[in-house]
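Two complexes come next, and they have one chain in common, subunit A, joined by subunit B in the first and subunit C in the second.
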Partner chain A sequence: MSRVTQLTAADADAMLLGAEFFGASIAGHHLEHFRSWLREVLLRRGPVPVVPPAELPAETQCAAIGVAGSMIAVVELPPSGDEPQGVAAALENQLDRKLGAVMAMNAATINALLPVIAAAELDLPIVDCDGMGRILPLISQTSYTVAGLPLTPMTATSAVRDQMSVVAEAQRAELLVRAMLNTAGGWLLCGLYPTTARQLVTGAIEGSISRVVRVGRVLAAARDRDHILRGLGSEVGATWLGGGQVVEVGPSGKRGAEPNQPANPTTVVVRERGSSGRVIRIEAQNELLLAVVDGVLVTAVPDLICLLDRNGLRIQGLERTNVGDEVDVLMVPAAPVWHTPAGLALAGPQAFGLPVRHPKEPVE
Partner chain B sequence: MSRTPSLDALTVDALVRYGPLATATPLIEEHFDRPVPHVALVSELDDIRGCAAHTAVVLHPVLTHGVWAVESALRLSWERAASCVVTPGLPGIGESTAQLAKRLRMPVFVVPDDSARCALDLAAAVANPESVRAKVIAQCAMLFGERSTARGILGVINTEVPGVEVALVAEDGAVLAGRTAAATAGGDQVRVEVAGPDGKPWARMVASLVQGGHVRETVRSILRLARAPLVASVARERLEVVHRSARAGAALDVLLGAEARGEQSLLGPSGLEAEAVTELGWQPADLPIAVFLRAATEAGPDVPTVTPGVMSAWQQVFGDRPLVPRAAGWASWWSGTSCSPEEVRDRLRRGLSRMRSPIALVGGVGTVGEQPGSLRTSLVQAELASAGARGQSVGHVELFTELGERLVLACLPLAELARSAEVALAELLAASDRETLVETLRAVLDSGGSTGQAATRLRVHRNTVLGRLERIRGYGIDPDSADGRLALHLAAYALSTHGPAPAR
Partner chain C sequence: MDHRWPAGSRIGVGMHRDSVTAALVAEGSQLGRNDLPLDSTWQELEGRLAIQLRQLGSRARTPVESVAWELSDLLTPLAEASPVAALRMLPRAPVSDALAGQPSPLLHTLVGHRANVRGGHDLFGFELAPPDVTGAVAVARAAAEAGYPALAITASGAMGCPEHEQLAAEAILDAVPGLRLCLSHEVGGLGVLQREAAAVLTLALQPRIGELIGACERATASGAPAATAWFVAGDGGRLSAERLRTFPASALGSGGAAALLGAAVLAEQPDASVVLADGDSYGLGYVRSGLPYASSDVMEVDRMRLAIPQAVISPVAVPDVGQAGVLADGTGPALVVGLRSDDIAAARSFSERSTSETRLVCDADVVAVGSAVTEPSAWLDLVVTADNPEELERVRGTLADRACTLLASSGARPGTERIVSSTVSPLSFLRSGSYRVVLRASGSIGGAP
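Up next is the complex of A and B:
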């Protein structure tokens, strides 16, 4: 796979499309002004170097910059523009060390763009990695956690410029952030997972920023559906699970919200054409969690399930999916770390309250 | 745990009709014929992998996190050849799940209450199938009392008794009611004889079973229960036929009487006749062509005795077309405006070949009526033609217009003539080859005394005919005598068509 070495203003479009793809469940929220913000910063501050962890000096201080909370809230109540610098400065004060590079908590949706903006404003390189390889609902559901890297010290700022810092174990930090979100306006821009480049070599999902750009370029150059399916297949190993018409969108079963999951379960049914057409049922809660084809579980979180709008040739988020839509259902395999026992325990189906083994999990 | 279904197992259908699944909502109404020897309450999807074939898989509420879990359970149950899946109700179970159930041919039931309780009830029913079967018998007995036809009574068994198809089969193998497949299917069957209202063997009920074992005794009990209402229904049907035929005969007498008096419009829409026509549901035929059926031989039961059977057989072939009993047989008619006598003859021939009449029949067809509604003449012709058809093969239909001079013979009391001939030609008839001698005598007389023509007709050598004539003369009979030739010719004709059985 080709590596991206720097990000310029010309990459803003691809960044946005790629970011939407890896945030498949919420794709379609209007992130265009974040693209404008990214383009403006890159024009003003110049290109941002994209550096693999192993190519940084081993003791380089790194930290993730990203938003926790509701993406809709971020869109409706956007940042003023200087929050990334503020959060980074607060974290530097907390650590008493200068940051040498910025990384992504998860290179998806807004959180693929904000670290680049922060890196540009701070005149730092961005590490070509992230902690999820997609979007997951909890800030603790990262490869960093799997590798044992601490989530805190963490600093955060809200839409109304509240300043917070947290020092706690990852699960406690998760709960504290959720509590703060309730009064902070729905989102917090966080500086978290302070670590060194050496630890990122084994604790991060490498190549995530390059992957976002490559996928974005595939989608930007899309001429037709086949072109997209082929491109995604070669760039990220995407598999076509099936496609047809959405015949059902609604609440899923009697299951209430899991205590640690900030949303209610939803089900989407896609039926293939013809009397023998397969029934593809997608179970969702924040994320598209699993796909069941004719009763057979074919894939599950942390693998990425995407709905591709056949007409608009765009990735379609859950909230924009309606009965009657024509979609393709794709699966992108998660990073290898997620298929380890520790990875599945943290982000597998059972972490979402689904009493089922991941298809790649061996039968005991 | 047994891996093969018990012969005594209840079916899904039985559990739906008389068991715990009666209150469950089926997503599909198919594939209910599967036996259910086992029940499993599963709280994890992996539990299904350990279920035996033909298990009723009941999903515990803790398993049903979403419709996806139900569909996954459905798929796993299909892989284990389960008999059905029972799930607690939850939002989202609907058309898509039903479609999957249909594709996998797997009955799925949604229970409104606790599925664990349903599993217990199912296990109890499966362990004690006799209680369910007792309910089946009671239900059938109750419904038999509400049905008045053989079709209705057989229908009760076919719809209420799971895994069973039953037919009512006549002595000759014809299916009178129920499902033909039951009579023709091989495999496990239960048969129960049914006597008619007169106490004589009439038919049998044949039940084809999906499974045997104790089900056989249950089915046998139900069939025995069905016997009495079946006999009552048959008696009722026969009474109705007798009543209807009597009314039809009276109405036809009125119509023909009116025509004989020269009154207009015998089958037309006016006056008393019109009322009779309307009452019987006849379609007034303009320019009618009469037909007449009669027994193929004079011997045998009289017309009133066999009328119910003949009319029943007629209705099965000709539907509502009227058939009215007369002294010598049964009368009917077609419309001469829509077909010719020849076409009526052909239809009648085809119909007679298919009719399951209690006696062998022949028929006659008259000419087209002279004026609208004029039936009398055509009916007389048809009756004569039917008499002429006697002596021919069973089911033969004679056209009056083709009867010619045989019309005279048709009017003769041939049975009486034959009896006289038996006395007059007693010596000849005592011969061991009397049939051959009578045929030879008739052939020679039919040929005007030509022994050559008679030999050709009999397909023997002329010398053989000459030898037989010598023997006939030896009995004191002279075919050449001008005085006795007419009487001798009639006697030979009567004996050859109505004579005694050949000597043995």
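Up next is the complex of A and C:
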């Protein structure tokens, strides 16, 4: 796969589309102002180098930048524009060390864009990696955690300019951030996972920023549905699971809310047309967690399940999915780290309270 | 198939750029139609419109109960609307130029004067910063002094708690009487920029729509004295003259919504998928139980999504083999229509090339026919919290009552209100028990549908 070596203002459109794809569960929030912001920063500050972890000096101080919280909250309470560099500066103060590069917590939705903005404002490179390869609901559900990298010290800032620092174990930090979100307006921009480039060589999902841009270019150039499906197949190994009309969207009646997960469980049912008439049932809670076709589990988190709006040719998020919509259901395999026993323990179906094994999980 | 189209005699009027078409419809049948060129001054046109209505009314078996005007073509180009001022109330002012304004060049142009003051709530109505009412008044004074007659006020979290917008408005109206205001919570929807865009368009279109509505009301009073003048909304509902004067952006996109309905009426298919030929492009929409399939926030103006309900019409390519699955709605053939009379050839071409079963509807002005059968509608789009399913049902019930009250105030006849869609979506990455509730209510102006 081709590697992107720098990001310029001309990449803003592709960044936004690719970021929306990997944020499949919450796609569809209109983020035009983030595109404008990214473009403005890249025009003003110049291109941002995109560097693989192994090509940085080994002891380069790196940290992830990313939002924890809700996209609807971000849309209702937009950032002011100085949060990315502000949170990075606060983390530098806490670490008493300058950052040498910025990385993504997860290169998806606005969390693919904000690290680029931070890197541009701080005149730093962005590391071509992330910790999820998609969105996962918890800030501790990362390859960084799988690799044993500490989540804290972390800093966070809100839209009100509340500033917070947390030093805690990953699971405690998660709970503290969730508690703070409720009074901070629904989102916090975090600087977290301070580490070195050496650690990222093995602890990160490499190539994530390049992948966002490549997928975005596929979507930007798409003329029709077949073009999109073929492009996503070749760029990220996307598989078409089926497609048809959404016939049910509602609370999942089969399980209770997992107490450590925000939001509520939901079921989406897609019925195919034609003689096959297959039924695709998707279980969701924040994320699209698993897909069952005619009663057979075909894929599950941490693999990425996406709904492609057949008419609008855009990825359609869970919150925008309604009965009657025409969609294709796609699956993108997760990064290899997520199919390891440690990865599946952290982000597999059972981490979401689903009593099933991932199809790739070996039977004991 | 137990849907019944309105029984009374109604006239729908499609105001196209260069022509006006009126259709008389009763019980789902077109009883008459006539056309006028739109080539004279409004004063002359009013008289000719009145004659047109009178001629159509003479063919009705019962007195014409309403005349519904579809005006969306005459609201564009939006760039010619009157510039206004905009005030945001946020906990912190934007420091980035890109975040301070609107990303859409059109909306950027329409906001001639912009400022921020402190204030705002979160999604759930918790105050994040006290409102700077003094600052808001200063902004309003400056806007008025700079020659802007209208100010859009948008506070974060206003759908959860409109208090800051209201406090600012009260103080501004005391200090700068005569300044037209639009408060974002009045237009509704989620998203500060989205609501601001809708509020700006609302104010920018008011001068132009006022003249149009006046002409339509006078023509109705003269040509169909027993009828009330109504106006088609973008979701395929209808609005009173008073409501459209206040919220003119509600009429954007109403031509497409009326065309969907018109196609369904003419094909006698209250459930149908409809392909609209519009210039050199095609759009696909749906009619379900006699109402256009619509959503509360799909309207896009210059790539900016607005929190204004609109019929969902998605772009669709000229048909090929891969298109077959897209058109079929499972409820019959896809209907293919031209949005205007000069689009009929394109509609025919689509129908002939489609590999899906399609039915061409080309014997009438679908916009005028659809306008006639529109009914009042009301929407609510809110974030709510509920700790358990029972509480959620209670909240939903309360909101349904509120939607029906809104509908009654929009002119629906008491007893005809019904909730036609109610979606409850759990909100991702917020605390458990956070939901977005979108309700659509519809009623009838002429008794039980």
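The working rule: the second predicted complex is superposed on the first by the 361 of 364 C-alpha atoms of A that agree within 3 Å, B and C clash if a C-alpha of one lies under 4 Å from a C-alpha of the other, contacts with A are read in each partner's own complex, and residues count from 1 in each chain.
The working rule: contacts are C-beta pairs under 8 Å (C-beta built on N, C-alpha and C of every residue); 3 or more make two chains touch, one makes a residue touch a chain.
What you are looking at is a predicted structure, and each value in this text was computed from that prediction instead of being measured.
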Note to self: Please determine, from the superposition on subunit A, whether subunit B and subunit C clash or fit.
What the structure shows: fit
Next item on the list: Specify the angle subtended at the CA centre of subunit A by the CA centres of subunit B and subunit C, expressed in degrees to the nearest 10.
Entry: 70
Next item on the list: Compare subunit B and subunit C by how many residues of subunit A each one touches, and report the one with more.
Entry: C
Next item on the list: For A:353, select first, second, both or neither according to whether it touches subunit B, subunit C, the two together, or no partner.
Entry: first
Note to self: For A:78, using the defined touch cut-off, is the partner it touches subunit B, subunit C, both, or neither? Pick first, second, both or neither.
What the structure shows: second
Note to self: So in the superposed three-chain picture, is A:159 touching just subunit B, just subunit C, both, or none of them (first/second/both/neither)?
What the structure shows: second
Margin query: Tell me the contact category for A:292 with respect to subunit B and subunit C: first, second, both or neither.
Written below: first
Next item on the list: Determine, under the contact definition given at the top, whether A:168 touches first (subunit B), second (subunit C), both, or neither.
Entry: neither
Next item on the list: Give, as a whole number of angstrom, the minimum Cα separation of subunit B and subunit C in the superposed three-chain arrangement.
Entry: 11
Checklist line | Residues of subunit A contacting subunit B in one complex and subunit C in the other | finding: 250-251, 265
Item checked: subunit C residues within the subunit A interface of the complex -> 90-99, 102-104, 120, 122-123, 126, 128-129, 156-157, 159, 190-194, 284, 286, 288, 293, 295, 303-305, 314-317, 322, 325-326, 328, 330, 383, 389, 423-436
Item checked: Parts of subunit B lying in touch with subunit A, wherever the complex brings them together -> 44-46, 63-69, 71-76, 78, 90-92, 94-96, 99-100, 103-104
Margin query: Per the contact definition, I'd like the list of subunit A residues that touch subunit B in the complex.
Written below: 247-248, 250-255, 265, 267, 269, 271, 276, 279, 281, 283, 290, 292, 294-297, 353-356, 363
Next item on the list: Under the touch definition given earlier, write down the residues of subunit A that touch subunit C in their complex.
Entry: 25-26, 29-30, 32-33, 35-37, 39-41, 68-73, 75-82, 137, 159-161, 178, 181-183, 185-186, 223-226, 243, 245, 249-251, 257, 261-266, 273-274, 285-287, 309-312, 317-319, 322-324, 326
